[in-house]
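Read from first to last, the chains carry the letters A, B, C and D; within each, the first residue is number 1.
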Amino acid sequence: MSVITSKTKGVFVIAVTPFRHDGTIDPGSIDSMVDFYFEKGADGLTILGMMGEAPKLTLAESLAVARLTLARASGKPVIVGVSAPGLAALGELSGKVMDMGAAGIMVAPPATLRTDEQIINYYRHVIDTVGAETPVVLQDFPLSTGVQISTKTLGVLFTAHPSIVMLKHEDWPGLQKISDIRRAEAQGQRPVSILCGNAGVFLPEEMQRGADGAMTGFAYPEMMVDVVRLMNAGRVEEAHDVFDAYLPLIRYEQQPGLGLAVRKYLLAKRGAISCAAQRRPGIMLSEPAVNEIERLVARQDRRLTFPA
Amino acid sequence: MSVITSKTKGVFVIAVTPFRHDGTIDPGSIDSMVDFYFEKGADGLTILGMMGEAPKLTLAESLAVARLTLARASGKPVIVGVSAPGLAALGELSGKVMDMGAAGIMVAPPATLRTDEQIINYYRHVIDTVGAETPVVLQDFPLSTGVQISTKTLGVLFTAHPSIVMLKHEDWPGLQKISDIRRAEAQGQRPVSILCGNAGVFLPEEMQRGADGAMTGFAYPEMMVDVVRLMNAGRVEEAHDVFDAYLPLIRYEQQPGLGLAVRKYLLAKRGAISCAAQRRPGIMLSEPAVNEIERLVARQDRRLTFPA
Amino acid sequence: MSVITSKTKGVFVIAVTPFRHDGTIDPGSIDSMVDFYFEKGADGLTILGMMGEAPKLTLAESLAVARLTLARASGKPVIVGVSAPGLAALGELSGKVMDMGAAGIMVAPPATLRTDEQIINYYRHVIDTVGAETPVVLQDFPLSTGVQISTKTLGVLFTAHPSIVMLKHEDWPGLQKISDIRRAEAQGQRPVSILCGNAGVFLPEEMQRGADGAMTGFAYPEMMVDVVRLMNAGRVEEAHDVFDAYLPLIRYEQQPGLGLAVRKYLLAKRGAISCAAQRRPGIMLSEPAVNEIERLVARQDRRLTFPA
Amino acid sequence: MSVITSKTKGVFVIAVTPFRHDGTIDPGSIDSMVDFYFEKGADGLTILGMMGEAPKLTLAESLAVARLTLARASGKPVIVGVSAPGLAALGELSGKVMDMGAAGIMVAPPATLRTDEQIINYYRHVIDTVGAETPVVLQDFPLSTGVQISTKTLGVLFTAHPSIVMLKHEDWPGLQKISDIRRAEAQGQRPVSILCGNAGVFLPEEMQRGADGAMTGFAYPEMMVDVVRLMNAGRVEEAHDVFDAYLPLIRYEQQPGLGLAVRKYLLAKRGAISCAAQRRPGIMLSEPAVNEIERLVARQDRRLTFPA
């Protein structure tokens, strides 16, 4: 059993939750999806995030998804999203998945938080609830949560809670935030791992600013794997070449709400899952949307075969 | 077992969830609280609402609170709040409490809804999930949810879903909404029961506009009982006299966030529950706040003894 | 010409902007309204606030209202609201009204501010724009602006900017904020004047917590004047007696949006202005609303004649 | 003098407002910028939009910018953004710029609107204020305004107000909205011109769905001109080739807030304006950001010279 630390690097793929057409969980597709992600080079997985349709699951279903994923991951690290409206439910899920062998938990701030003080108090309650021994990923995604956490407040949180070992960075714009955190660390602040989300739409620049890798669910995880590898090797232009080839589709998959339908369509097309269905309420792709995706995939395939 | 209908009238008290000092649920206080509410004249109860700290409970705890309350209520109607981030959890809780004998469920719209169409789609999904045989209370509380539902959209919902039998009305300002709904009903729209929340701060006027009663948790339920009774009897000035005597404390208890601490303090003081503690994160009353409450109670007692 | 300072005390009435039925500004009613407010005991006025329909005026109209009000006030202090989407417009209005003899300006935070840092930066820009010699009232009204300013952030602002001499306090709940600011001042923080808004709905308690007076526009300014005077004299129960007599109407006038129609109806009824019209978009009182107001006024009159 | 109609097609560039380093408006740069945009193939301009720093200008400055731009545009169509907190200011600016020869006005909904009814009422007030003879562009940009307008509500507005001749489309995701509007038009709804914003990040797909062109301010307007021209000619793959070459920089310029600094940096670099300064409060580009932009420009230049 591996746990995440402040030194964790690489690519953690945000996993979808595969459903059958009738809306039930598809265990076979969990297996094939886990295999797919690791075959493409993932270092770990993150399940039950926003793009994993976590709020649509019952507690029992969430635990089943965690159990199946952890079993198939065979000891590779799996982070579990445990965001919940209240601390008791958050703590219950956290305790159970850590007992199963999760590598850590991920917690986004509830939408009601406004002032720095409220944010600081919230994470203090979270750490009290899950225990200081549980590794925590702080998800900083204002576009979705509505909560803005300044770099200074992040510093207060990292200093107060050594168990917050990782930042899932998806502020937008957010490049300067990475630079500012790394500068604070150079001046003595406790370092944390920074993995970047937001569909990877700024991944080359994020790596250049000092990020440790990616945590996002773009349906071509090899993009994240290659960009992170090339950037770590200092091969910046090549990293951009790879990134640019995927960017038209990244952009298309990043559409709020609709993006999950795009992602599942692509994962089903690639054989990672057997069915692209979302549990309701979900968005269906229209015929023009499918045509747009197919065009983008064809163009991407051509470009990756004969790179610019 | 009684269920609510579109003809339900009277006072449904929004029950708190009693905790011990250590944050565990206090079954003995559930019993005494249920007794207290009915002794003061309540016609029914509503549990696991926002002021019942429902989001702070695990699923197992929610079910335990429902079971204990229903048992003690001895067949009197108990509505259960089932609002949840996703439909699966909402449906699971709804099914279980209806099986236990709940009189109906209450559903507030999630904060992400904006357009009329989104609101209409959401309640369609809810009714599909809980089944058209489950009586539903639609909670319209924009101050807390951020969702604004126009009178026209309410009409669309009431027409589409006969199982939405009741409106928990707490828009602010909201008096005209009651008049508008009643006028639409006079022109043929299916009638619904309208019980008013918002700490009762407009109860006399709401009754005059055509409401059927109150659904709120002010720590002196006899206020709601008396005002509703007097208004129904056409004794408008007397209803206002009673209301005015309680208004300084209603106003104090209506403070967002802090209000629950005030309410639990008063319920503990009155012997309805043994401990005023909220589960964390909760707000503590400062010493000046306690002094303010005590002054207001003393003034209220004097005024009720020697009415103006 | 008088300016406000951190020692200013008393009642500043939030003035409405009187319009004729055709939506044009009514200079005669500005005169009669100014006379009315001072006759009822006001110590000063605040014009061009949210309840003064300031955003509905052109710049030229705003300047005309300021000129007429200042002329009629004959040297009594008049604060001018200058909140605007941008600093240039804010600075232009501020400069012009200060030149005319305004006692200070009032600035609410724009709705886009979230983090403490953003709030602090915004007021730094404001002070740079209006000049450090212009007395500033910071309006803290989260219900309307959506911006939450913690007590700590207020302390940072008061310390950084000596020209912020006054807090228009209308957080809700907000009593503890007054206590916390006064405690910080006891420990050395620069004191500011705290005048309370929010229709006066917590005025007795706010005075007890250490406020210096009221800044709100309830159509019976004598309520604020009497409560402030009695509280300052330590006659707490009498202050509450006065307050309680007005509370049913305060509550009615405090309804968001609708409240301004109530206030202007009452001011017209009392002869302070000749016409209750709002400039569009405005809310009209329905017949039931007018009946409700008339009942509340009649009850208030009886109660003030034969106090409880 | 040309005005926009529901048949207007092509590329309207969202113009920046050029300032000198001291924050004053730079008339010389207005001239050179207008020339630049038209030399690159723009069909018209839109000034005083959000990205034109309109809220930072005084009324007199707004009028000066409009006058200078209209003079230099020599009869080519210039749309003027007139969004304002209140109708009087909106109407004043609208009347003055239409008198100067503007081609139409653009109005975004204020952030407070929620229900369909509120949105419909707002635009009714706007049309009443500016007059039914003034051509209006409705800006639909939820990411910035917070207001969500459903396709159905847009249909209500287009049907009620023939003077709303154009939609500035920048919902996200928004492709389906274009398809839905065009389908409604095929079924008899009055057609409108649809020009797409959002930095052009979906321009090829938007054209395919039936848009009439672009209205956005990307610093390389030739991208919009070429993509629109190629799509209109049915040369879809070539349009994508052009688009893909610019996409890495489009993405970078689309960053909220920061994007304007990027845009002005590029316009200054290209000689369109003499100074990249924003009026305060503005965002400065850090050194790493400048390096990122320069790298993206170099890569873009290479790719446009030797296309993939």
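A few notes on this one:
Keep this in mind: a contact is a pair of C-beta atoms (placed from the backbone, for glycine too) under 8 Å apart; a residue touches a chain by one contact, two chains touch by 3 or more.
Source: prediction; values computed, not measured.
Here the chain-to-chain distance from chain B to chain D, counted in touching steps, is 1. Distance between Cα centroids is largest for the pairing of chain D with B. Counting C-beta pairs in contact across A-B and across A-C gives the higher total for A-B.
Although chain B and chain C share one sequence, what matters here is the overlap of their interface residues, and that overlap exceeds half of the numbers used.
One finds 39 Å separating the Cα centroids of chain A and chain B. Centre-to-centre separation of chain B and chain C, using mean CA positions: 33 Å.
Note: centroid distance chain A to chain C, computed from Cα atoms, is 47 Å. Residues 53, 55-59, 61, 84-89, 92, 111, 121-122, 125, 279-281 of chain C are the ones that touch chain D when the two sit in their complex. Taken in their complex, chain A has these residues touching chain D: 172-173, 175-176, 179, 201-202, 205, 208-209, 236-237, 240, 243-244, 247-248, 251-252, 255-259, 286, 288-289, 292, 295, 299, 303, 308.
Looking at the complex, you find that chain D touches chain B at residues 114-118, 147-150, 152-153.
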